[in-house]
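There's a structure below that I have some questions on.
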Amino acid sequence: MIIVLKPNVSSRETAAVLKEIKRLGYRPHLMKGVARSVIGAIGDERSHQSLDVLRAWPQVESVTPIQKRYKLVSREAHPQNSTVRARDVVIGGSRVVIMAGPCSVESERQILETAHAVRDAGATVLRGGAFKPRTSPYEFQGLGEKGLKLLSKARRETGLPIITELLSEAHADLVAEHADILQIGARNAQNFQLIIAAAKTGKPVLLKRGLSMKIEEWLLAGEYVLSNRNSGLLFCERGIRTFETYTRNTLDLSAIPILKQESHCPVVIDPSQGAGRADLVMSLSKGAIAMGADALLLEVHPNPKEALSDSAQQLSLDGFRRLMAELKPFIAAAGRE
Amino acid sequence: MIIVLKPNVSSRETAAVLKEIKRLGYRPHLMKGVARSVIGAIGDERSHQSLDVLRAWPQVESVTPIQKRYKLVSREAHPQNSTVRARDVVIGGSRVVIMAGPCSVESERQILETAHAVRDAGATVLRGGAFKPRTSPYEFQGLGEKGLKLLSKARRETGLPIITELLSEAHADLVAEHADILQIGARNAQNFQLIIAAAKTGKPVLLKRGLSMKIEEWLLAGEYVLSNRNSGLLFCERGIRTFETYTRNTLDLSAIPILKQESHCPVVIDPSQGAGRADLVMSLSKGAIAMGADALLLEVHPNPKEALSDSAQQLSLDGFRRLMAELKPFIAAAGRE
Amino acid sequence: MIIVLKPNVSSRETAAVLKEIKRLGYRPHLMKGVARSVIGAIGDERSHQSLDVLRAWPQVESVTPIQKRYKLVSREAHPQNSTVRARDVVIGGSRVVIMAGPCSVESERQILETAHAVRDAGATVLRGGAFKPRTSPYEFQGLGEKGLKLLSKARRETGLPIITELLSEAHADLVAEHADILQIGARNAQNFQLIIAAAKTGKPVLLKRGLSMKIEEWLLAGEYVLSNRNSGLLFCERGIRTFETYTRNTLDLSAIPILKQESHCPVVIDPSQGAGRADLVMSLSKGAIAMGADALLLEVHPNPKEALSDSAQQLSLDGFRRLMAELKPFIAAAGRE
Amino acid sequence: MIIVLKPNVSSRETAAVLKEIKRLGYRPHLMKGVARSVIGAIGDERSHQSLDVLRAWPQVESVTPIQKRYKLVSREAHPQNSTVRARDVVIGGSRVVIMAGPCSVESERQILETAHAVRDAGATVLRGGAFKPRTSPYEFQGLGEKGLKLLSKARRETGLPIITELLSEAHADLVAEHADILQIGARNAQNFQLIIAAAKTGKPVLLKRGLSMKIEEWLLAGEYVLSNRNSGLLFCERGIRTFETYTRNTLDLSAIPILKQESHCPVVIDPSQGAGRADLVMSLSKGAIAMGADALLLEVHPNPKEALSDSAQQLSLDGFRRLMAELKPFIAAAGRE
């Protein structure tokens, strides 16, 4: 840690800070500068107590950590890319994985029709929401357990593994019984109790980035998965909140190379949520593939005009087939399958 | 709802939209404009299905709701200010309520000393965290149930009602047994399952604003409390996430007059979290009072230099007494007690 | 325009609004809804005075425009893609254009060495700053006119057209004398006097997006170029300001498909400024190409370790060659040359 | 400066960095930590060249400055509050100054009527725009020189000093001839050429905060005024751009205590621009006064319903009188006149 003292701090006040640093288990290193003194505190910032308390001292101007706060998700801890397996599907390997399906499971017919169509077009994971977090209590909240059963049925029919959202700690076992990957949504990205509950099921966890989550905070939230003995962690970028109002969110594609640098975990991009507009999904998907995404999570609906949620951002089955065709040269250019 | 069609839409395509609007239970009203046509759809947007699906139609450019999406929290629904009672303390009345205490309950001595000191200085509610949501799994997570018991003890000794955070649906009954007001933190502000669990305990709920929550979304999250038969809702502004890095968050004091206009529920301001710096708390508190806040939520610690969390933003006991003295003329100027 | 009235507005107050709408040249269309009335005002919003004044009326809740506010930059006005020519180089055609060079012109040797190297690696436009806008008055402000002359010399030697920034209205003629494209920087993106001065030189204008500029505002700023009889407008995305601190800015690649939809003007991406880190430039460039960018603007320096400005985000000559090689398959996948 | 090296850097690579630090005039101080080494570089960061170039070195992870980058605006440089005088009016003293007037000067009658009314209600400076920066080229751009002459006439009649916006370097002399304070608008807050031109007129300069300007950048922009031998600098907060859409901008009132801590210059608050809604101006003004603002800049129009710009955010003359009456107790509570 680097502790910057205020200008004109007496040597007595400085000594007090040095003493406290030692008491907290660090080795202090005083540098007297032109205008103010700076102290380097040597020691493992992750096993010792934080020096953040020093910010409350009147003679201290700032405290800056040197080490990164995340361990298990970091590339330093695990230099190779890690892969995550959902049944036969491997995410993070040479093959780009397409996860597709409706925003919400609405009926048996809707989910089965979509499952067959997306599989035939090349998707290898089926997505679909059974429990839906909705901004307003007056909106459609999903079919719940019935939706999970329909997803299971779709898997039996198509062989596609299932990804679906976990909304409540109380549902963890139920959802894990049906799903192959548990999704933690953006609104729950710092709901640590829910993340722990998901991790403890042993199923892979796809952790969406919160609407205003810094990448460091996202990595630390992922740390809650790995530190609960679950190595199946996927990070999913789905758009951050900015001042721009043309799109619902601003998809931060630079998260791909950053996560690849900082972490070993696979990176998934959700362009449907990111843009909130089906007409931008094609272009964003190409960009994501070119930049190294391991998987795409796409909203596809047999009839977007009648969808019970997020109708504007769901691709039609035809639109999805077109997308898959147009993505091919970019997947090849990226050296993937 | 207002539906704007794209330029040069054929009359057949227009007719299809009009038909769908009728099918969904609205009365359509076509206006042919210079460049494009606009349709007004008359009907109760809250009892009918949303016309949002129309955004997926190729001939539709935009769909804009006219009615506000929140009902029970709105001032239209309840023109008078509502008040919330925690034991003998009334929030939202003529008296400005000061809720004070440490970020985390750390020990019996710490919480009792603080409780007595803040009561003597004029606080009427005691705050203190027992379950702490922490960005990193390696940080102090609170004393849990032991912390709750210490808070109960502090209440017995001082008579101050208790506010503490609820982190997990699984703890709802336990926390409600000890607390007089349940706090939903910023990270859980759209964890609707947790809000519902809090509401169902029957205790008042203080709902913090999420880091990047629009006021409309916040009001809708509050709707989850009132629509679960709990009328004890408090909104608490605690800073939003912006590009500014000088402060941890940007306290959005304009939320006070906006909430007072849109809603009947009391408004609480948390300047400690808002600024992340004790040295700004005095000024922010004065501003909050002048602008009509019903209560302040303040972090006070007998020894901020040794606090186990958020040390930099906690006031000392002396600092708190000074604050209470300096606030007096502003409380009077605001016509409050 | 759509004017929404407040609930319970009397018919007299409604009539007053209708009368004012007529007076301002629109044809009003009253729709009585469940909770409130809505008025559609038919008329050309761009030739008539805005109805925005109605927002000041106590009985009016909101005023929403229907037409887009930009004309000349819009795709509606010019359905085909437009191209911009700088000497022999055409931007916006089938060939992806690479503009490369140092952040600042520092010396004759530096700019000539870079110019030859980037041309040999495939760049077709040379960039370099002569007048530099610097956040602090104590930082290097560029070589000024001497820098412009060095750029001219580099053009004579290599044949590469020049792009450089215009900082002051007073320099417009001087800069236009040397440059083939004038760049308006992000800090001046709403300095309309400067944009007009640039447009009036007749040289093509590359308009960077302001740090917190909505796309609509950007298009309107571009309108200042086209409406001053200069058809050579390029939009350049270079990162917006968000809460994320890992990168200097957040490069908003979704601006590419959005601009392609809304406007006919070529789109340039500046990944160097966007990320502020050379190690992310490769990935961001691939994404930009895949998403349809017409040109890249890249910072390249023969010795980034000694650059006088923005050293961390400039590619070395080797790095640039590697980038050009790796981009090739993506350019092909995008159907470009 | 603090230079953090990457993990596992060889001693040869470390030595190279140490050598470069010395070459740039700093005294390096190596600290070998657990995972990586850290170098403190001692020396005056403002007179020496920045060590920022080190960020381009492959073995360097980060470079963090210790000293603040601003000098003349800082409270360290000038511990007492400074005051700025416009004719007889002193800003930054014990008296809170109210600057009021219309967004745009529209006619002789409008400006004279407003000037008399705001003076009678207690304003001591008259504001009014003659040159208006407008997002779209198709909007009213102000009366220009004619507007300046009307402002001069209003001053002759009422004795109120004038504040008006400077939009173009080319107008600096003209505007300074009529105005007592030159305003630099938010869109030009980093148009350094314009700030320098304003500073050189010798008239006081009110520098609005840019829409997404960090406080440090704002202070540095102010440095351009003081370092051009003009000590009459006022900082004016007028709202920053955030994700919230209820208000046009988010007025960041915490800027008041921060500027008071970091700088000696007077602080002005513009609640009209900040909110974009006249109905919030009252509350925001009270908050600003309570938090220590030295002056308010308020938009007042004799007939907001017919204003040519920003009608929704201008107070009526009656509204202004009411505001002045309600502010009194808060001015007293703040210990001001």
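The chains carry the letters A, B, C and D, assigned in the order they are written, with residues numbered from 1 in each.
One rule holds for everything that comes next: contacts are C-beta pairs under 8 Å (C-beta built on N, C-alpha and C of every residue); 3 or more make two chains touch, one makes a residue touch a chain.
Values in this document were obtained by computation on a predicted structure and should not be read as measured data.
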(request) Compare the two sides of the chain A and chain B interface and say whether they are made mostly of the same residue numbers, over half shared, or of different ones. (result) same
(message) Count the C-beta contact pairs for B-D and for A-D, then tell me which is higher.
(response) B-D
(message) Please tell me the distance, in whole Å, between the geometric centres of chain A and chain D computed from their C-alpha atoms.
(response) 38
(request) Please report how many Å separate the Cα centroid of chain A from that of chain B, as a whole number. (result) 25
(request) Find the geometric centre of each of chain B and chain D from their Cα atoms only, then give the gap between the two centres in Å, rounded to an integer. (result) 31
(message) Where in chain B do residues touch at least two different other chains?
(response) 212, 241-243, 245
(message) Taking the touch rule as given, give the residues of chain D at its contact with chain B in the complex, in rising order.
(response) 212, 214-216, 240, 242-247, 250-254, 256-258, 261, 274-275, 279-280, 282-284, 286-292, 329-330, 332-334
(message) Looking at the complex, which residues from chain C come into contact with chain B?
(response) 2, 4, 7, 29, 31-36, 38, 40, 42-44, 64, 66-67, 76, 212, 241-243, 245
(message) Going by the contact rule set out above, which residues of chain B touch chain A in the complex?
(response) 46, 50, 52-57, 69-71, 133-139, 167-170, 187-188, 190-194, 210-212, 217, 220-221, 223-224, 227, 241, 278, 304-307, 311-312, 314
